[in-house]
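Attaching a single structure in C-alpha cells format; questions to follow.
Every chain is named by a letter (A, B, C, D, E and F) in the order it is written, and numbering of its residues begins at 1.
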Amino acid sequence: MDNYPNHLNERGEVHMVDVGSKAITERMARAQGVLLASPSICQAVQEGRIPKGDVLAVSRVAGIMAAKRTGEWIPLCHPLPLTATEIVITVQTDRFVVESTVRTTAPTGVEMEALTAVSASLLTLYDMLKAMDRTMVITDILLLEKDGGRSGHFIREGVSHVENRSPDQ
Amino acid sequence: MDNYPNHLNERGEVHMVDVGSKAITERMARAQGVLLASPSICQAVQEGRIPKGDVLAVSRVAGIMAAKRTGEWIPLCHPLPLTATEIVITVQTDRFVVESTVRTTAPTGVEMEALTAVSASLLTLYDMLKAMDRTMVITDILLLEKDGGRSGHFIREGVSHVENRSPDQ
Amino acid sequence: MDNYPNHLNERGEVHMVDVGSKAITERMARAQGVLLASPSICQAVQEGRIPKGDVLAVSRVAGIMAAKRTGEWIPLCHPLPLTATEIVITVQTDRFVVESTVRTTAPTGVEMEALTAVSASLLTLYDMLKAMDRTMVITDILLLEKDGGRSGHFIREGVSHVENRSPDQ
Amino acid sequence: MDNYPNHLNERGEVHMVDVGSKAITERMARAQGVLLASPSICQAVQEGRIPKGDVLAVSRVAGIMAAKRTGEWIPLCHPLPLTATEIVITVQTDRFVVESTVRTTAPTGVEMEALTAVSASLLTLYDMLKAMDRTMVITDILLLEKDGGRSGHFIREGVSHVENRSPDQ
Amino acid sequence: MDNYPNHLNERGEVHMVDVGSKAITERMARAQGVLLASPSICQAVQEGRIPKGDVLAVSRVAGIMAAKRTGEWIPLCHPLPLTATEIVITVQTDRFVVESTVRTTAPTGVEMEALTAVSASLLTLYDMLKAMDRTMVITDILLLEKDGGRSGHFIREGVSHVENRSPDQ
Amino acid sequence: MDNYPNHLNERGEVHMVDVGSKAITERMARAQGVLLASPSICQAVQEGRIPKGDVLAVSRVAGIMAAKRTGEWIPLCHPLPLTATEIVITVQTDRFVVESTVRTTAPTGVEMEALTAVSASLLTLYDMLKAMDRTMVITDILLLEKDGGRSGHFIREGVSHVENRSPDQ
C-alpha cells in the first residue's frame, strides 16, 4: 500500500490520476452492503405481504444504472466502459444484503463502480421502505474482491475487521 | 408508520407517489455516515502529512452535487429544487464522520437527498484514500433529523439502536 | 391551434418559450405507445415462461426516470418538478401496450414528459426482448389526454386504429 | 434467435449482460421512425412558411445527443464510445421520416443507440410542432440494418408498410 | 458588494448558500461572449460558403441545453426551473458574438445560467469550426444585465472594450 | 487546415464525424483561460483574507468533472474515456489563470475536453466570487498545445496578449 493518496499531485491538489500507461486488462470487483431494517418489514417482504417483485427489481436497476455513471458521482473517477454488472439482494431476518459484481476491460479497476452500485441499490431500498420505518441504517459497505490490476487478486478475509471494530459512537 | 410501502400502487407495482396535493412547506433533513479507516491514515490527515485541504473539499463538493441530482440516483424520488446544502466532515482516530444538512421548500421532504449527499461524500473520500487502505468500510448511514412534513419533527434519539445491533455477519 | 411553432422566435430561430407569465396550475397528461412483438414472445410472457416480473418492472422504472429528465432529452422543454408519474403495461396477443400518466404543478404542461416516459419504457422493453425477435416495432406513441392548461381539457377520441392495425411483419 | 431474454439471469432477474469476452469489432446499426402530422403542417414546412432550418437541425441534434447517452435512458444498455452518428430527416406529404445511422468499435452493437436517436429526434419534432397539431402520432420505429456482430448482417426487407399507412386522424 | 464570498461558511468551507428565506420573484439575466476567429471563416459564413444554418442552430441549442443544467456544471449553483432562454448569435468581420437571455421565477438569480449558456454556445461554435482554424479564442464572457433580485437592476455600462480589441493573432 | 467544417455533411447538415477508421493513439491537449477580477479580490485571496483552499479546490474539481462530460455539453463531440485530467490555477494581481491538461487514448483528440474543463473551472470561480464583484470577465480561453493526432504537434506561440491586456473595467 502507498502512504500518500495518488489522487493528490505534488502540490497536494486533486487531479485525475494518469492511467494512460497502465495495461488494459480484464478487471472485476465485488462489493457488499447492508440495509438494517425492522424485522417486521423484512418478514413482510419474505412472506409476500409486501410484494417484493418490483421493490427488489427497482433496487437492482438503480445499482446497475449508478455503476455506469460512477464517474459523475465520484469526482476523480475515470469514466469506464463496463462490460458487465450484476446485483444480488438477499432478505434476512433484520436486513437486506446487497452484493454487486462489476467487470470492465480497461486500464484501471472498478472498485468504485462496485461500491457505488451497492450504495445506490441500498439507498433505493431505503427510499421505498422509509414510510414504514424511519430508523433504518445503511451499513457495512465494503469491497469483497478485486482482480485484474497491478496489485493482484484481493479477497477480503472473513470480513472480520468489521466485526472487531466497535459500533459507531 | 404505515405498513405498506407508498411507492407501490394497489397492483404492487412501483410508481412515483403523487405529492401534488401535499402542502408546499419548508423542509429540512440531516443525515450522517461514517468511513472507517486505518488509524494511520486518519492520523496522517489530522497531522497534515496528508494535505487534507483538497481531500475534504472534494468530498464536500461531491456530496453537494449528488444531493442536487438525487432524483437521478434514486428512481422513485421526486426531483426537488434544493434551497441549501451543507456538508461537515470531522476526522477522528479511526474514522471520518460526514454530516449533511439539506433544505427545500417543496411538497415532499429531503430525507433521500441528505442520505445521498452523505453516501457520495463518503464514496469520494474512500476513492481518494483507497490506494492506502483497501479495507476501509462505509457504515452507519442514517437519518439524524427531519422537519417540515406532515409527520412532524423527527430526531433520532441517541443513535442507540445502531450501537445495540451486532455487527454484520 | 396556432399556425406557427411557438418554439421559433420572429427570426425563425429556436428558443425556449417564455412561460414566466403563465399561471401555475395543476396539470396532467396521459400518453400511450405500443411495442409490436411476435405472438410467441407475448405468449411466453403471459404464461410465465419468460419471467415477467423484472422485465415489466425495469420498463416501468425506465419510463419514470426518463419522465423526470425530459428536459435533457428534448432540447426546448422546460425542466419541470413532476409531482407524480405512473406507468402501466399490459401484455396482449401480439403487443405490449404502455400507458403513462404524469402530473405537475407548473406554468406549462407535461405532454412531452408523458410521451418521453412511454418512449423510454418501450425502448427498454425492446432492449430486453431484442435477442428473441429482431423485427419488433415501436408504434402508435400518442397523447391520450391532457388537462390543466390554458387550452382546456383534451381527450383523444377513439384510439381504435391501435386495435385494428395488424402487427408488423 | 434465442428463446429467453439474455438480460435475465438464471434467477429471472435483470442484469447487464457480460460482453467482456466478445470480440471488439466495428459495428453499425440503422433505424427509422415516423412522425405522422397533418398535411397542412408538412406542407407549410415544405414550402418554407414554417422556417424548417432550425426545426430540423434541433431535431437532428437531439437525436445525436440522445444516442451518446443511450446507456442513461435504457437501464441495461452498455455505455459505448460511438465513433459516428448521423440523422437524416425527410418531410413527406403527411409525415416526417427520421433515419439514424450509428457506428462504434466495441464488443456489443448499437441497435439501441440507433433506435434511441430516432425516438429523441421524433419527440423533439413533436415538441416543436405540438402547438399546431395535438393529434400527431409517432410510429414505425424499427431497425433497418445491423452489422458487425456475431449474428451477421441483418437487413429488414420491404418496410413498405410505412408508405402505405394512411396518416392518423 | 460584500467582501467575503457567500459560498464559504464561517469555517471557510464551501456550501450551497441557503436561499430558503429569499423572496420568489421574476428574475432575468443577460450575458455575452465572443469567439474570435479568422476573417476568412467569418466571411465564409457570412457569404454562405459555409452553410450557417445548422452551425448557428446547433450552437444556440447547446446554449439553451446547458442553461437548463447549470447546476450540474457549477458545483454550488442552485438548480432552477427556467421559464425562458434565448440565444442570439451575430457574425461580424472577425468574430461571432453570442448573447443569452435567461428568465426564472425563483428565490435566486440566473446570472450563472446566462454565463453558462454563452460558454456552451461558444465552445460548440469553436468545436464545429476548429478544423479550419486552430487559433480561435473565446473571450469577453461577461454579464450585461441582471434584474429581479435584492440588489436591484444592474446594467453594464459601455461594453465597448469588446468592439475595440483587435482579434487575437 | 481544411476550408469546410467537418461537422457538416455534404448537405450542410451537422453530424458526428466518423472517427472509426482513425488510429487509436495517445493524445493530449492543454488549454488556458483567464478570469479578470478586481485587484482587491485577487489580493484578498493571495493574502489569505479570503480562504482560498476550498475556492480553488472546488474550481479544479468542476473543471475535472466537466472534462469527463464534454460530450454532454458539446453536441457533436465524441464521448471519450479520459486517462488523465489536471487543472492548475494561479492567482495574479488582477486575474485568476486556469490551465488544464487532458489525456486520452482514443481515435480523436481532447481539445474540446481541455477547453471545456477551463470554461467550467472559470465559471465556478466566477460563481463563488460574484457576490463581491459583478464586473468580472472570463477571457482568453484558448488552446495552448495539442499532440497525438494526424495533424502533428501544435504549440501556440507567445500567448503574450494575455499578459498585455489591461484588466476589464
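Throughout what follows, a contact is a pair of C-beta atoms (placed from the backbone, for glycine too) under 8 Å apart; a residue touches a chain by one contact, two chains touch by 3 or more.
Protein names from UniProt, one per chain: A, B, C, D, E, F = Cyclic pyranopterin monophosphate synthase.
Note that this is a predicted model, so its numbers are computed, not measured.
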Intersection of contact partners for chain D and chain E: C, F
Required minimum of steps from chain D to chain F, each step between chains that touch: 1
Same-interface partner of D-E, chosen from the options A-C, A-B or D-F, over half of the pairs matching: A-C
Between chain F and chain B, distance of the C-alpha-averaged centres to the nearest whole Å: 32
Inter-chain centre distance, chain C versus chain D - centres from mean C-alpha coordinates, in Å: 15
Mean-CA-position distance for chain D and chain B (Å): 38
Contacts with 2+ other chains: residues of chain C: 13-14, 53-54, 57-58, 60-61, 65, 69, 72, 75-76, 81
Pairwise chain contacts under the document criterion: A-B, A-C, A-D, A-F, B-C, B-E, B-F, C-D, C-E, D-E, D-F, E-F
Residue ranges of chain A touching chain B (in the complex, touch as defined): 1-8, 12-14, 33-34, 36, 40, 44, 50-51, 53-55, 58, 61-62, 65-66, 69, 73-77, 94-95, 111-112, 115-116, 119-120, 123-124, 126-143, 146, 154, 156, 159, 161-163, 165, 167-169
Residue numbers on chain B that touch chain C, as the complex places them: 9, 13-20, 71-72, 75-76, 78-81, 106-107
Residue ranges of chain A touching chain C (in the complex, touch as defined): 53-54, 57-58, 60-61, 65
Touch list for chain A against partner chain D, complex: 26, 56-57, 60-61, 64-65, 68-69, 81-88, 103-105
